[in-house]
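What follows are several structures.
One chain, chain A, appears in both complexes that follow, with chain B as partner in the first and chain C in the second.
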Partner chain A sequence: MRTWWITLTYEWIKMSRMHALLVVLAALPLLLIYLLGSAFDSEIKPAKVAVYNADQGAMREGVDAFWQGADILPYVRPAVLSSEARVREAVQGGTADYGVIIPADYSDKLAAGESVSWHTFDGHDGRKNIAAHSIVRSYLSQVNMKAAAFKVLGPESLSGLESRHTDAAALVKVQTLGGGSDQSFGSISAIQYYSVAYLVMFLQYGGMTGAISLLRQKREGTLQRLYGIPASFSAVVAGIISGAALLGVMQTIIIIVFTKYVYGVDWGGAYWGIALISLLTIIAGSGLALTIASFANTVKTMQTLFNTMLFSMTFVSGGMIAMIQNKLGLISKLNINFWANAALRGLMDGSSRVLVWQNIGILAAIAAVLAIFAIIRLPKVVKQHA
Partner chain B sequence: MSLVTFKDVVKKYDSTITVNHLTFDIGEGEIFGLLGPNGAGKSTSIHMLSGLLPLSGGEITVGGHSIRKQPLEVKRLIGLVPQELAIYDMLTAWENVSFFAKLYGLRGKLLKERVEESLQFVGLLERAKDKPSTFSGGMKRRLNIACAITHRPKLIIMDEPTVGIDPQSRNHILDSVRELNRLGSAIIYTSHYMEEVDAICSRIGIVDKGKLIACGSKEQLRQQVGQEERIIFEVDQAHQAAAKEMGEHPAVKQIDEQDGQRRLEVTVKDSPSVLQDLLFILQKHGISLRQLTRVEPNLESLFLQLTGRSLRDE
Partner chain C sequence: MRSLPIAMQLIRRTMGTRRGFFLNVLLPAIALSVIAGLFSSLQSDKEIIAISNADQGALGAYMLDIVNQDSLYEVQMQTDLTDKQIREAVAAGDADAAIFIPADFTERLLAGQQPQPVLYRWTEQLWNASLLSSLEAQASSMAASVELLQAASGGAAPDAGKLSELLEQQAKPAVSAEHTPMKLGVVAANPIMIGSVLLFLMLLVSQSVGFIMEDREMRTMARMYTAPLRALDIALGNYLGSILVGTIQLVLVLSLTYFVFGYSPGVSFGAMLLVLECFMLASIGVMTAVAGLMRNAHQLSQINLLIVSPTSMISGCFFPLSMMPEFLQKLANFMPQKWALQAIDRLSTGAGLIDVAQPILILMLFAVVLLIFGGAVLRPSHQ
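Then we have the complex of A and B:
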């Protein structure tokens, strides 16, 4: 136990100093998730709208009620500011995505039956500008329509003019043209879809680092030196592999916490399930990497073979082109990624427990088979003359 | 008293025998040199002794413990300095030494003291916080040694510890070997550099093609070569008759003529008495001597005599 712990600790110290490796294992998946997730996501995050209402007239209350209405929250998040200058500042500084000024003569104009408009300021994000602008325009269209009715039909038609809100969902529907509909990613969003795909892919890279470390230590002679110490060599090897597995655990935590709090990815809340799936994926990835390492003489050959397999598994399981797995049929299912993805996505979209456990069960079986292969082939990886 | 015994040790790979019935022993406090060309079986023997390779036949014991039956007890007594630089570039010198020391069971205050002592011993204490990637080849070799001595082993095995380093570092390592021996460790030192083995070892085993072809103290080995010496005469003119007359001297075993007989290499027995006769022959033929060199027998010539090959033949 002590030998295992010492080896694991020092393996971890060594890996923590390989900055390039850590960047690849932590930052690269986050970048890919962001790029693919936002490129294909049809949902737009609510625009932060800075609002200054200069109107002190009878209609002010109605306007304030509109901005506080729950039905516009999916599209805009208003923040009421104290002056026009602050609104401009907020938009220019990027703290707000869009700015709205309600002029001081708004109520007077409406009372006079005139057409009204608000001053608006576009921010940096074109899609959020469109969303906020649509909300404002639709609201003012209705107000102006009613103002026109007032002018023609008289004051009775104005009753409830500002108190009734139109359905915001009916006011605005914004989608990207290239991303397709939500159905491209099943019942989850694009960012959820790619978060799962790249978590699973990069966890296996984490598993690969253990096999690389063993091959490298064998080549450099340190493994042979470790074989000469008066302790269990199995514990030494287990320490090295566990160090890489621990890296995978850290990776999981970083990816899940970062995507949840920065990208707003909904992982579904079943974190023990996610932990189990991640662990099984790490075991399967390590098993695959060690098996490949037992046939490869050099680190380079091992990396080339493993990368090829991992990219192929990610591709056929739909990690690069969404839902391609539906077109590939059986071939898409003969790998680690498919079952890990299915299990994680099942947890995300609240699929039936039976289905989720079925996927976890198949993943566990794959992990067990690969782990057994790895144990059988391990002497070839670690011993100089095996 | 023997610390290490090799008894009829054999190592086979399929049908190839790399160590062929090796038998010798090493006493406590000895520096034992294992000399032989590349591929002679030195490293294989060392690997079997340190438990890295299983034996195909025979028995090795260290401190009375069998490597087959009590490998952990044997490993506890050994400090292995491998031929490769078996150190971690991502760890500092201190971390490298303390990692191996911890695996040998050291901890706490003792661990700190021993790591410091080992780094001090190899002259790297001031560089303890630096990574080996910033070290010269010689410094890395010294760190390689430090990692093997923190647990104060009774037997230190050094497998070609001076490969590819500058003369200054080599001297430092050779001094370290003598010092470790003075502090009580027996040393097994393998090399194909005859000069190193000659300089530090009290007893030498010469292996070739997996067999021990000679074993003993330096004096004993030199006696095996006999009193043969080489005398090199460089003269001012070629003279066939003089060379022929020298070759006919009863004490001359062989005469090699080079540079058109201007350089004569003569292998003789009992050179002091013969030298006078040979100089007389040259004088008789009116030949002036430009340079005279006397080459004493050494391990190189012993190896050449026993195997017909040079130590550094690949």
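Then we have the complex of A and C:
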């Protein structure tokens, strides 16, 4: 026990001097969570529309009033540009999401009763195209209504229109079934989603430090010297591995506290559950890393293999592109991340405890299998000639 | 060319062994092709709108004109569905939104009341918020039409035939929005494939810079300096080696994805190679500059993770740049990935190499400035 404790504390002292490692393990996940959380937040961002109004006729005023109106602001942010080429450039370069050009003969043709078109340019983002397009069309449909009334009922009919005031909101009943949250992240927010995904990913990354430490000490021969001391060798190895695991615990605390108080992430309050899931993830990650280390021999190969695996597991379980796991079928489930993510997300959105425990159960089974593998293969990792 | 043996040695160390070849060349190429395959099948589809028009009269159909008019949505007419069933379709995720027109729509509209069509959606998003707004505009203009008729006929109940005429007239619009086709780059909106190539390229470059670092750390570099070579030869050899290693990997990976797995964003192989080559020079610059600040190769590989993935994210390698907050978009100008993506995006519109001269020059500028900073890594360690 004493040997174990001493090795563990020395592992910690060593790790506390590896500033680069500590920064990667703590700051990188926080940075990624911030970036992804702010890129995918569900706040509705209006489409930026580049507008060029070439018309100088009588209708120009009405058109300008429409673009300057406050009622379109929730959906589109117009930017008035000075030529058609500028509009094209803005849309092509992505500084605008959509482009509209009002032709020079707009007023004249409309007054003459001929048909005329606004020219629109679709931008890169399909949904923003839809938004901008609907806004343009709803303005045009009002213009058309007036034009039709003018034709069918005569010019005097329009005088009544100006005094009309209807509450547009009452015209269509809208029901939002899913509540406020964004569907693309299930029932939680983007930042919650990515906090979970990167906590799980970096816990396993932390678990790898144990395997790296063992391999490096073996290469440098310092591990073999420890056979010489009058203490249990397995206690020493256990100390090194659990030192790395403890690092994972620290990571969990840092990530959860930081995201909770700085980013305002709601972790759901079931902290014992989170602790259990994190611990199982650390065990599974360390188990995987040690198993890989037993085949890899050198630190470099081990790192490459483990990084590749971790990257793929994070990817297929939806850690990079949200909810991709629902489209990939079985392959998305054959990894550690999927079950840890699902369990943590379950704790966040308060879904049924049975479901959460089911996910924890599967995660525990995976962790147990990987731990057993690791124990069987451990001699290959620590012994010079095993 | 006394630098060549040094360069060749770097190549042998990276991909000379069977394992090195597998890990550094084959694996990234396969991973990229898998990503390309996944993403071509995952292209986002149009929003599905389920519509049920239970209206007994003719006016409900006019209401829906605005949705039917063009191909922004995939419209599913499901007239036999009840209000409740169509609500279920949205709740179950079969449709992204649904519109229900009640049975008494025409009747109530003609009576001067406001019949409410219903829009169901799962969450409020920009596209359905503006769909709602255009439905409201349509409803408002229909209500206005009824009022106009009422006024015209001196307060009598409006004649349905006259109303149809009025709406018919509106259906042949005087003003329409004509969509002007314009060639848009495919990369800016769907950057993940090219973005992953950039990411892999940076990781591969960081590996060969890691080898140089290792030489320095193990003092083998100091030994090289005892050879009858100028310092410049050694530095050139190491740079050349990194460039060659990167180029070989790049050509192999690109050939595999282009010719074996058949992915191409509409950019010719040569142009793509040119841009990526320039990007690689810039990333060698970045990596050596970073390496200059690090103490050992191990530290370097860890710091690289910290540099490569967040900067790739900020510069739009995984999702469109426009999704980022404004200040991060500006920050992206300092990342070589952004310029490489921009160049490839422009090329994918069919632009010529002249049109991408600016981003390419910026990449070269990155390379030159950072290589000067990174020069330190190529001198023997004095520790």
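In this text, the second predicted complex is superposed on the first by the 247 of 386 C-alpha atoms of A that agree within 3 Å, B and C clash if a C-alpha of one lies under 4 Å from a C-alpha of the other, contacts with A are read in each partner's own complex, and residues count from 1 in each chain.
Quick note on the criterion: a residue touches a chain if its C-beta (ideal position, glycine included) is under 8 Å from a C-beta of that chain, and two chains touch if they have at least 3 such contacts.
Everything quoted here is computed from the prediction, not taken from an experiment.
Asker: Now for A:I13: first (chain B), second (chain C), both, or neither, which partner does it touch?
Answerer: First partner only.
Asker: First (chain B), second (chain C), both or neither: which does A:A238 touch?
Answerer: Neither partner.
Asker: Please work out whether A:E220 is in contact with chain B alone, chain C alone, both, or neither, and reply first, second, both or neither.
Answerer: first
Asker: What is the contact status of A:T3 with respect to chain B (first) and chain C (second): first, second, both, or neither?
Answerer: first
Asker: Decide which partner touches more residues of chain A, taking chain B and chain C as the two options.
Answerer: C
Asker: Just to be sure I read the superposition right, which of the two partners does A:P230 touch: chain B = first, chain C = second, or both, or neither?
Answerer: In the superposition, A:P230 touches chain B alone.
Asker: Quick check on my understanding: which residues of chain A belong to both its chain B contact set and its chain C contact set?
Answerer: 18
Asker: Please give the residue numbers of chain C that touch chain A in the complex, ascending.
Answerer: Residues 19, 23, 27, 31, 38, 42, 44, 46-47, 66, 69-70, 72-73, 87, 90-91, 114, 116-127, 129-141, 143-145, 147-149, 151-152, 162, 165-167, 169-170, 172-180, 182, 184-185, 188-189, 192, 294, 298-299, 301-303, 305-306, 309-310, 313-314, 318-325, 328, 349.
Asker: Chain A touches which residues of chain B in the complex?
Answerer: Residues 13, 50-53, 72-73, 75-76, 78, 80, 82-88, 90-91, 95, 99-100, 102-105, 147 of chain B touch chain A in their complex.
Asker: Going by the contact rule set out above, which residues of chain A touch chain B in the complex?
Answerer: Of all residues in chain A, those touching chain B are 3, 6-7, 10, 13-14, 17-18, 220-222, 224-231, 236, 384-385.
Asker: Which chain A residues qualify as touching chain C in the complex?
Answerer: For chain A paired with chain C, touching residues are 18, 20-21, 23-24, 27-28, 31-32, 35-36, 38-40, 42, 44-47, 74-76, 88, 91-92, 94, 97, 100-101, 106, 110, 113-145, 147-149, 151-154, 157-158, 160-161, 164, 166, 168-183, 299, 301, 303-304, 308, 312, 320-321, 324, 327-328.
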